[in-house]
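Below is one structure. I have some questions about it.
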Amino acid sequence: MSRNASNNILDRPLGFRATPAGRSSDVSSVSLSAFAYVYSELVQYHQGRAASISELERRLESAGYGVGLKVLECVAYRGKEMKRETRLMSILHFVSSSVWKSLFGKSADSLERSIDNQDEFMIVDYEPITSTFVSVPQDLGQLSADAYVSGIIAGVLDGAGFSARVTAHNVQVEEGENSRPPTNATPGMPRRTEKAVFLVKFSPEVLERDATLER
Amino acid sequence: MATSKCSQAGQQLWAKMPKVGGYTRLCFAWSVIGFLVHTNSSYRITHQANAELFALTYGSLVTELVRDHEDPIEVNKQLDKIGKSIGVRCVDEFLAKADVAGLGLASQCQSLRDTAEVVARMGFRMFLGVGAECGAFSQDQKSFSIYFHDNPLSTFVELPPAGDDQMGDDLRKLKYSNIYCGIIRGALEQVNLKVDVTLVQCTLKGDEVNEIRVELKEVLADGAGDDYKEE
Amino acid sequence: MGFLHLFIVNKSGGLILHRSLGPRAPSIGTNDWLRIGSTFHSLHAIAAEASPVRLPKNKNPSGADDGIQQIEGSGVTLKCLQTRTGIKFVLTAEPGTTDIDTALREIYVLYADCALKDPFYELEMPIRCELFTSAVDNLIERLEQSKMSAVR
Amino acid sequence: MAAVPVLFVIVGKNEPLYEAEIDTSTGIHSSSSGDLSTRQNYFVLHSALDLVEKSAWTTNSMYLRVVDKVNHQQVSTFLTAANVKFMLLHSGKGEEVVKNFFNEVYQYYVKLSMNPFYKFDTPISSKAFDTRVRAAARAYLS
C-alpha cells in the first residue's frame, strides 16, 4: 500500500484537495485560462485523430460522456436527499439547473420543448464555457466546440435511464435577445454573437415509460 | 480602464526608481504586486472555471491517451508534448496580463532564481489559484525545484496500489501530472531559457509533496527559439 | 486623429495579421503588407545594432529584444510593442493620437486570449480567429469613443 | 449464536460489479457452514432484480427497502442515481441499520467512481473499497 495509506481517496471528503496544513483547500476554481488550455489540447488531440468533422464531434461527445456519468452520481450524492429522478421533466431540470450550476457556476439560460416534435428539448446557454475563446474556421463548417458538453449531458441522461441523442449547435443570437451582461470573458472581449443550443432527442421507450407513469 | 491607469502610475514610479541593482527593483516589484492585486496572492485571472470540471476534463484526456498508447512511458512523453504546446502559449498570457497590471515583473528575471520565484509564486497562483514554492537551488544556481501540495489536476485520482495487477503496475509508471513539466519547459523556452523539467515527487505515488525539478541547459542568445518546430 | 493600421509580425519576421482600423486608413495590397512586415522586422533588428546606446545583451527594460519602438512621421505615428517572446505588435495612427501604448498592451492581451487559446489557431501562422479581429475592432472603437467624449 | 453472515452484491446494468459475503461480527469472509453464496441465494437475488426494475420508476428515493422475502431471507436494495443496484441478502436486519450501511457504501462508491481510471459499470477490483465495505458492514450490520 502507498506510504501514507490512510489518506486513501475513499477516506477523504469528495473533491478534497490537500493544502500544506493538510486541511481541504477551499479553492474550488481554477483560472478560466487553465480550463481553456486543457480543453484546447483535448480538441487538438481529437482533431489530429479524426477523419471528418462529424467524427471529431463524436470523439468530443464520447470524451464528455464518461464525465457525464460521473457528474450524475456526484451531483446526486451532494444533493443529500438521496433522490433519483424518475420523470422526464425532473431529469431535464436536474441537468439544466443542478448539473449546470455545479459545472458552470450558473443554471442554463433556458430549457424549451420543441414545438413540432414531442421527443425533443433544447437547453440554451448564451456563454458556453467550452467555446469562450474558440473561433471555428469556415472550413470546419457546422462543427460546434461545445460537443464535449453535449456528451456530458448525454452521459447524465443515459446514466439516469433516459437515453437520448444530444447534439450541440451554435446559433446566431438575434438583436436584443440576450440582455444578461457577459460574465466569463475578458473585459475587452466583445459580446458573443452565438449561443449554444443543446438539442436533446429522447428515445421512444423513454417517452412511453414517462407516459405510462403519467397515468 | 482601471488597470491601465495603475499601469501608467506603475510605469512612472518604476521609471523614477534609481538605477540600482535588480534586487531593489525586485523588492519594489513585490510591493507593487501586493498593492495592485490581492494581498495574499499575486495577480489572479479574474475569470474562473470549476476546478472539478477542470480535473475531470484533464482526466478524460489522460485516459484517452492511456487507451491510445497503452505504454505509460509513451503517455508521459505525450503529456509532456501537450504541456509544451500549452507552455508556449500561456507564457504570452502571463507576460501580457502581468504587464497590463503594471507589474512588468517578468522583465526583471535576470537570474534563474528570479525566474524560479516568478514561475512558482506567480505562475501557479495565476493559472491554478494554488500556492507553490521554489527551493533546493543547486550550487551552480543552474537548477531548482518547485514544491506544491494542492494539485487541481489530481483531485479525484487514485493510482492502483503496487502489485495489484498488470494494468495497475502500468498505471503506477504513469506520471499523471507530467503536463506541468511540458508547460514550464515550453514557457521558459519562449523566453530563451532551454530547460529540462522532470516530475520527481507526486502525492499520487504517496509522496508528501509534489516536486518538479527544473534544470537550466542553455540560455538561447538570439531570437527566442526561432527554429521553433512542433516536436 | 485616430488609428490607421495594426500589423503583427511573428518571431521569424513573417506577417501574421494586418488590419485597417479606420476609414482614413490607406488601403494597402497583401503583397505590400508582406513586404512591410518583413522589412519592419529587419529594420527593428538593425536599429538595435546601429543605435549609439547599446543596451546590455540588446534587451530593453521589459526584457524583449531592443529595436524600433516608435517612428514619428509628418503624417503618421508608428508604435511597436516587442514582446519577450519575440512577437511584434505594430500600430500606425494619425499624429497626436493618444492611447497607442494602451491599445498595444490591450491587443497583446486579446492575442493571448483570442488567438493563443483557440484550438484551431496554429502558432506563428496567420491569425484568422474571428474572435480576435472582432475583439480588436471593439477595442479600437472603445478607445476612439473615449477620445471623442474627451475632445467634446 | 454466531452472527449470521450477509451477502452484499453490487449489480450494474446487467452484470455483478462487486460481491462480498461478510460475517458481520468479524467482517472477514464468512466461513460458517451455511455457505451463503450458494446457487440458491444467487437465484433469490436474481429474481429480486426484476422486482427492483419495476419499483425503480415508481419511487424516486434511492433506498428501496426490502423488495423481496424468501423463506427467512430478506433482500434490501439501494439504487444509485445511475441505476447501479446495491443488494443485501440478510435475515431481517432493521431498516434504519441497512439504510445507514447503504449510505456509507454509496459514499465510497461515488468517490471510487469519480476516479478517471474507473470506468462506469465495470467490476470494482479496488481492495481499499472492499476493506471499507466490510468495515461498514461490521459497523452497521453486526
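By letter and in written order, the chains are A, B, C and D; residue numbering begins at 1 in each of them.
Operating definition for what follows: a contact is a pair of C-beta atoms (placed from the backbone, for glycine too) under 8 Å apart; a residue touches a chain by one contact, two chains touch by 3 or more.
Owing to the predicted nature of the structure, the values given are computational and were not obtained by experimental measurement.
A.B. asks: Measuring between Cα centroids, what's the chain most distant from chain D?
C.D. replies: Of all chains, C has its centre farthest from that of chain D.
A.B. asks: Between chain pairs B-C and B-D, which one is joined by a greater number of C-beta pairs in contact?
C.D. replies: More C-beta contacts join the chains of B-C.
A.B. asks: Rounded to the nearest whole Å, what is the centre-to-centre distance of chain B and chain C, using the mean of the C-alpha atoms as each centre?
C.D. replies: 28
A.B. asks: Averaging only over C-alpha atoms, locate the centres of chain B and chain D and give their separation in whole Å.
C.D. replies: 45
A.B. asks: Could you please state the distance in Å, as a whole number, between where the Cα atoms of chain C are centred and where those of chain D are centred?
C.D. replies: Centres of chain C and chain D (C-alpha means) sit 66 Å apart.
A.B. asks: How many Å are there between the centre of chain A and the centre of chain D, using C-alpha atoms for each centre?
C.D. replies: Comparing mean C-alpha positions, chain D is 31 Å from chain A.
A.B. asks: Can you pull out the residues of chain B that are in contact with at least two other chains?
C.D. replies: 1, 56, 59-60, 63, 89-90, 93, 156-158, 161
A.B. asks: Chain D: which residues touch two or more other chains?
C.D. replies: 111, 114-115, 128
A.B. asks: Touching two or more other chains, which residues of chain C qualify?
C.D. replies: 106, 109, 113, 117
A.B. asks: If we use the touch criterion from the header, which chain pairs count as touching?
C.D. replies: So, checking each combination of chains, I get A-B, A-C, A-D, B-C, B-D as the touching pairs.
A.B. asks: Taking the touch rule as given, give the residues of chain C at its contact with chain A in the complex, in rising order.
C.D. replies: For this pair, the touching residues of chain C are 106, 109-110, 113-114, 117-121, 128-132, 134-135, 137-139, 142.
A.B. asks: Which residues of chain B touch chain D once you look at their complex with the stated criterion?
C.D. replies: Against chain D, the touching part of chain B is residues 56, 59-60, 62-63, 156-161, 164-165, 171.
A.B. asks: Report the residues of chain B in contact with chain C in the complex, numbered from low to high.
C.D. replies: 1, 4, 7, 88-93, 95-97, 99-100, 104, 106-109, 190-191, 223-226, 228
A.B. asks: Report the residues of chain B in contact with chain A in the complex, numbered from low to high.
C.D. replies: On the chain B side, the touching residues are 1, 44-45, 47-54, 56-61, 63-65, 68, 82, 85-86, 89-90, 93, 126-131, 149-152, 155-158, 161-162, 203, 205-208.
A.B. asks: Would you tell me which residues of chain D are touching chain A in their complex?
C.D. replies: 56-63, 79-83, 103, 106-115, 119-120, 128-129, 132
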